[in-house]
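Both of the next two complexes hold chain A, though its partner changes from chain B to chain C.
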Partner chain A sequence: MLTKNSQQNLVWSILWIITSLLMLVLILLIGFVFVKGAPEMKLSFIFGATTNGGLMTPIVGTLYLTIMTLIFLIPLSVGTALYLSEYAKQNWFTEFIRYSLSSLAGIPSIIFGLFGVALFVMIWFKKASIIAGSFTLTCLALPFMVATTEEAIRSIPKAWREASYGLGATKWYTIIHVVLPNATPGILTGVIMSIGRVIAETAPLLATAGFSAFLPVSPLDGTRTLALHLFYLATEAPTVGGLTRNDLLSQAMAVGTVLILLIILLNFLARMIFNHFNQKVRGFR
Partner chain B sequence: MSKPEQFSEKLGKNLIFIFASISLLILLSIVFFIFRDGFLAFKENGFFHFIFGNDWSVQDNTFSILPLIVGSLVVTLGALIISVPIGFSCAVFLAEIAPEKVRNIVKPAIDILVGIPSVVFGLLGMILLVPYIRNHYGGPGLSILTAIIVLILMILPTIIAQAEDSIRSVPSSYKNASLALGATHLQTIWNVILPCAKSGLVSSVILSSGRAIGEAMAVYMVIGNTFTFPKSLLDPSRTLTSNIVGQIEEATVGGAHLHALFGCGLILLFIVFILNSYSFFIKRRGCRSC
Partner chain C sequence: MKKNEDGRKHKISVRNLDFYYGKKQVLKNISMDIRENKITALMGPSGCGKSTFLRVMNRMNDLIPEAKASGTVLLDHEDIYGNNTDVVKLRQRVGMVFQQPNPLPKSIFENMAYGLKIKGIHDKGKQAELIEKSLKKTSLWGEVKEELHKSALSLSGGQQQRLCIARTIVMEPEMILMDEPCSALDPISTTKIEELMKELVDDYTIVIVTHNMQQAHRISDWTGFFYMGDLLEYGKTKEVFNEPKEKKTREYIEGRWG
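Here is the complex of A and B:
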């Protein structure tokens, strides 16, 4: 029979081993992507035309889709969050909206893809395009963005608003000059995390973004994001002359490297803004 | 109030109201489309045939999804059985045992891993796991087992991050009281901290099972996507999500095929909904006992 202490030491060592092993495996996997992807990372590959096997279209497409999505997403989510926190009466209807938004956040992303096909591709725009893709992504990111924005707005001390009212400011004036500026860092964190989702999601874009390899010009053109491009490279037969399956897979690894680097960068940005915001609010309190 | 101020006040209020209504409309139309087209699938194929049948043929225009439901459930359960114990151990380690330095490195790393695109995990599965399983265990390599392993790696960061949060949110006074009564740290974790964090732990499992059952791309890339009842873990199979991924592009013409995919989506939604309500229920009960 083990004593209490040796029992505890045993469990502690098991936990140490499990965690280090897991982290080791995950780091090795990410390292594998980097090692396989790095040799492909030449300027001619990254900025080459996609019809010749380069990454130009996915990079432009990712940017295009991200910007379009943010254009719809930010006003909608900030407006909705302001309505929920500043204007709505706290009754069953407001609770209903909140509840529906939070349950929407848990829906598998492929279902948003189906919805995008049924409404945006088949009824509104008649083709898979950047605009259909960005509408789909807006729906996908909306619940999360509203929740984050509302949290940022609610974390502003009530006294600040009352001080503004006390000085004779109207509600709208207070929203524009007191609430929104102070909620900006929180909203920005949400925006960055939404960008992360736009970059990472593939399922909702499969049939809504179109998969064109040509550089997109108008929002009605189809395009592909980096993640979609990785998917096509990994699953489709080689179409560009002279390339084997393995060439495509190592190209896919290079795209994976770019994606992981982007995610790390976004995480870093979000963390920086979050820390900054926290310090500021704490300073005022 | 001056005239322009009144005007901007009204304009602002209306603008916000319009944005909120658009959001609500989006919400309602998502629900409307999924239910309308999903129910059309039930109607066109007959509810019982659609759920319990075993044929999926675009040519014959007949669709039923029992193997897909089984595939989804097997893959999700398989991934959960392995990743929950590992995930909880790591969470306990990070929240209670790890030195601050280790925590400060591991925690951000896990946050990054949560955000890594699922296609990257799918790609790793295709390149590393599929050949390994084909050579060492037989079968085509594209299999349920491969999908389960890929999903384990994908949902572990989510479980760890969530479970760690819930363990940390247990008030430290509980822990101190238990330690002061002479219990060891291990006894305290087992008898005080884990029971108190139960509702958070359960919702971390629910969240990650939702992620596992809803994961489409990574599973599609490694599961082989054949419409059959799997007989062993080494057989290829198909899940509700990978079925949608494989056919969503050809189904953009609409009609019964698209409806059938919506039917898959509706069943998926139903499963996720049951999971979420369970977590809601546990949270309610957890609050009362605290």
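Here is the complex of A and C:
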């Protein structure tokens, strides 16, 4: 029989091993990508023209697509969240909207890609382009953004709303002067998480964003994001410019490195904003 | 205007008020007159409807989707539940102080200016003048005049509640509704607020909901005793406390339950 103490130690050890395994997987994965990509991590590669094998177009394309997506995503999701949490009566219709949103959140991203091709590419814009891609990504990120924004709006204490109404403020005045300013950090956190999502996605963009290697100018130009570029590099047949399969793979790893660093940076940023907000609220109480 | 035996006019006249949250009736056939420039205390056990009744007078209950009122509530002979009532104007005339001090997460100055901006007073100089006056009235001026631009949430609980009172009177209302304004405060802050109420009653009609019988006894001129949605007894505070007519009131005052 084990004593109480050694039982404790046994459980502790098992849990420690499980956690360490998880860390190991993460370290292995990131380490592998970093090590394999390191030889290609040169400024001339990262900032070189993509027609010469550089990353300039995917970097610009990622930024362009992200900004375009946010332009549509933020007003749509803040508007929807405000309607749902402040104005809508709780009835079958709002239930239906919520149900639709949570269903949307569970749909595989490739389906969004398919929908984007069918509607935005083939009917609206007649070509795979930044605008078609950003519309598709907006649809994809909308459920998450609405949920985050609603959460941020709901976290505003009832007492603050009452204070505002008690002084004769209308609902709209209260929203503009009390609700939105205090929900902004929460909404911003959602925005940054959405950016992370947009940057990481490939499936919805495969057939909607085009794959042009030239620097995009108009929103109707096609482009590629870092994630897309990585996909092309990893699947391309080794024909062009005397590059071998291995060269292309280590280029893909370098792109992966840039992508991972970006995501880590964004997560860090989101955490900073969230902590700042939390401290502010706690300091106030 | 109709006068009472004590020569005070009725600021608020409630007749046959029924109030529902969904199907649940929380106020039953209430008729009550609130005297001008007097402190009226509403007391009773939890869930008796006294807070709901308070929130009828500035229609704060409108925020609850299922709430429904019937009967008449006259403020200076105007039915506040009538079709022409501008709720925004009503809440400026009938200010409210809540149970938990609820300054907005803004500076002290911004808290005070919040209502003024709603009223259309945007001139900083005019704002500052009115704000100083109100803060002096609530004896907060000396404590905060150097730090008007600090967050209102950095004040102590008692200061926050006095700020909320100042924020209400800067609007120059006719009435102030107070929903257990001292229940979250320490005894010293409570005393300060009670003294303040006694000063303010010269200019305003005050209605206060309180759990605290001693407080009702100390500060109010009139007392209403609510029990399970009924107004069981209403009269001059001295009379209600010294010779209550209802058995339930007497038991409550003697502290047998509640």
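One rule holds for everything that comes next: the second predicted complex is superposed on the first by the 267 of 285 C-alpha atoms of A that agree within 3 Å, B and C clash if a C-alpha of one lies under 4 Å from a C-alpha of the other, contacts with A are read in each partner's own complex, and residues count from 1 in each chain.
In this text, a contact is a pair of C-beta atoms (placed from the backbone, for glycine too) under 8 Å apart; a residue touches a chain by one contact, two chains touch by 3 or more.
Keep in mind that this is a model prediction, so the values were computed, not measured.
S.K.: With the two complexes superposed on chain A, say which partner A:Ile107 touches: chain B (first), chain C (second), both, or neither.
M.R.: First partner only, chain B.
S.K.: Specify the partner with more touching residues on chain A, choosing between chain B and chain C.
M.R.: B
S.K.: Using the superposition on chain A described above, determine whether A:Val121 touches chain B (first), chain C (second), both, or neither.
M.R.: first
S.K.: With both complexes overlaid on chain A, does A:Val11 touch chain B (first), chain C (second), both or neither?
M.R.: It touches chain B, and chain C stays clear.
S.K.: Just chain B (first), just chain C (second), both, or neither: which does A:Gly133 touch?
M.R.: A:Gly133 sits against neither chain B nor chain C.
S.K.: A:Pro185 in the overlay: touching chain B, chain C, both, or neither? Say first, second, both or neither.
M.R.: It touches nothing on chain B or chain C.
S.K.: Is A:Thr170 touching the first partner chain B, the second partner chain C, both, or neither of them?
M.R.: Both chain B and chain C are touched by A:Thr170.
S.K.: Is A:Leu26 touching anything from chain B or chain C once the two structures are fitted on A? First, second, both or neither.
M.R.: first
S.K.: Based on the A-chain superposition described above, do chain B and chain C contact any of the same residues on chain A, and if so which?
M.R.: In chain A, positions 170, 173 sit in both the chain B and chain C interfaces.
S.K.: Okay, in this complex, where on chain A does chain B touch?
M.R.: Checking each residue of chain A against chain B gives 4-5, 7-8, 11-12, 14-16, 18-19, 22-23, 25-27, 29-30, 32-33, 36, 75-80, 82-84, 86-88, 97, 100-101, 103-104, 106-115, 117-119, 121-122, 128, 138-139, 142, 146, 170-173, 175-176, 196, 199-203, 206-207, 227, 230-231, 234-235, 249, 252-253, 256, 259-260, 263-264, 266-267, 271.
S.K.: Which stretch or stretches of chain B touch chain A in the complex?
M.R.: Of all residues in chain B, those touching chain A are 1, 5, 8-9, 11-13, 15-20, 22-24, 26-27, 29-31, 33-34, 37, 86, 89-90, 92-94, 97-98, 106, 108-109, 111-113, 115-120, 122-124, 126-128, 153, 156-157, 184-187, 207, 210, 213-217, 221, 241, 244-245, 248-249, 251-252, 254, 258, 261-262, 265, 268-269, 272-273, 276.
S.K.: Over in the complex, which chain A residues touch chain C? Could you list them?
M.R.: Going by the criterion above, the answer is residues 89-90, 157, 159-170, 173, 177-178, 182, 281, 283-285.
S.K.: In their shared complex, at which residues does chain C touch chain A?
M.R.: 58, 60, 63, 65, 88-92, 95-96, 98, 100, 102-105, 114-115, 118-119, 151, 153-154, 164, 167-168, 171
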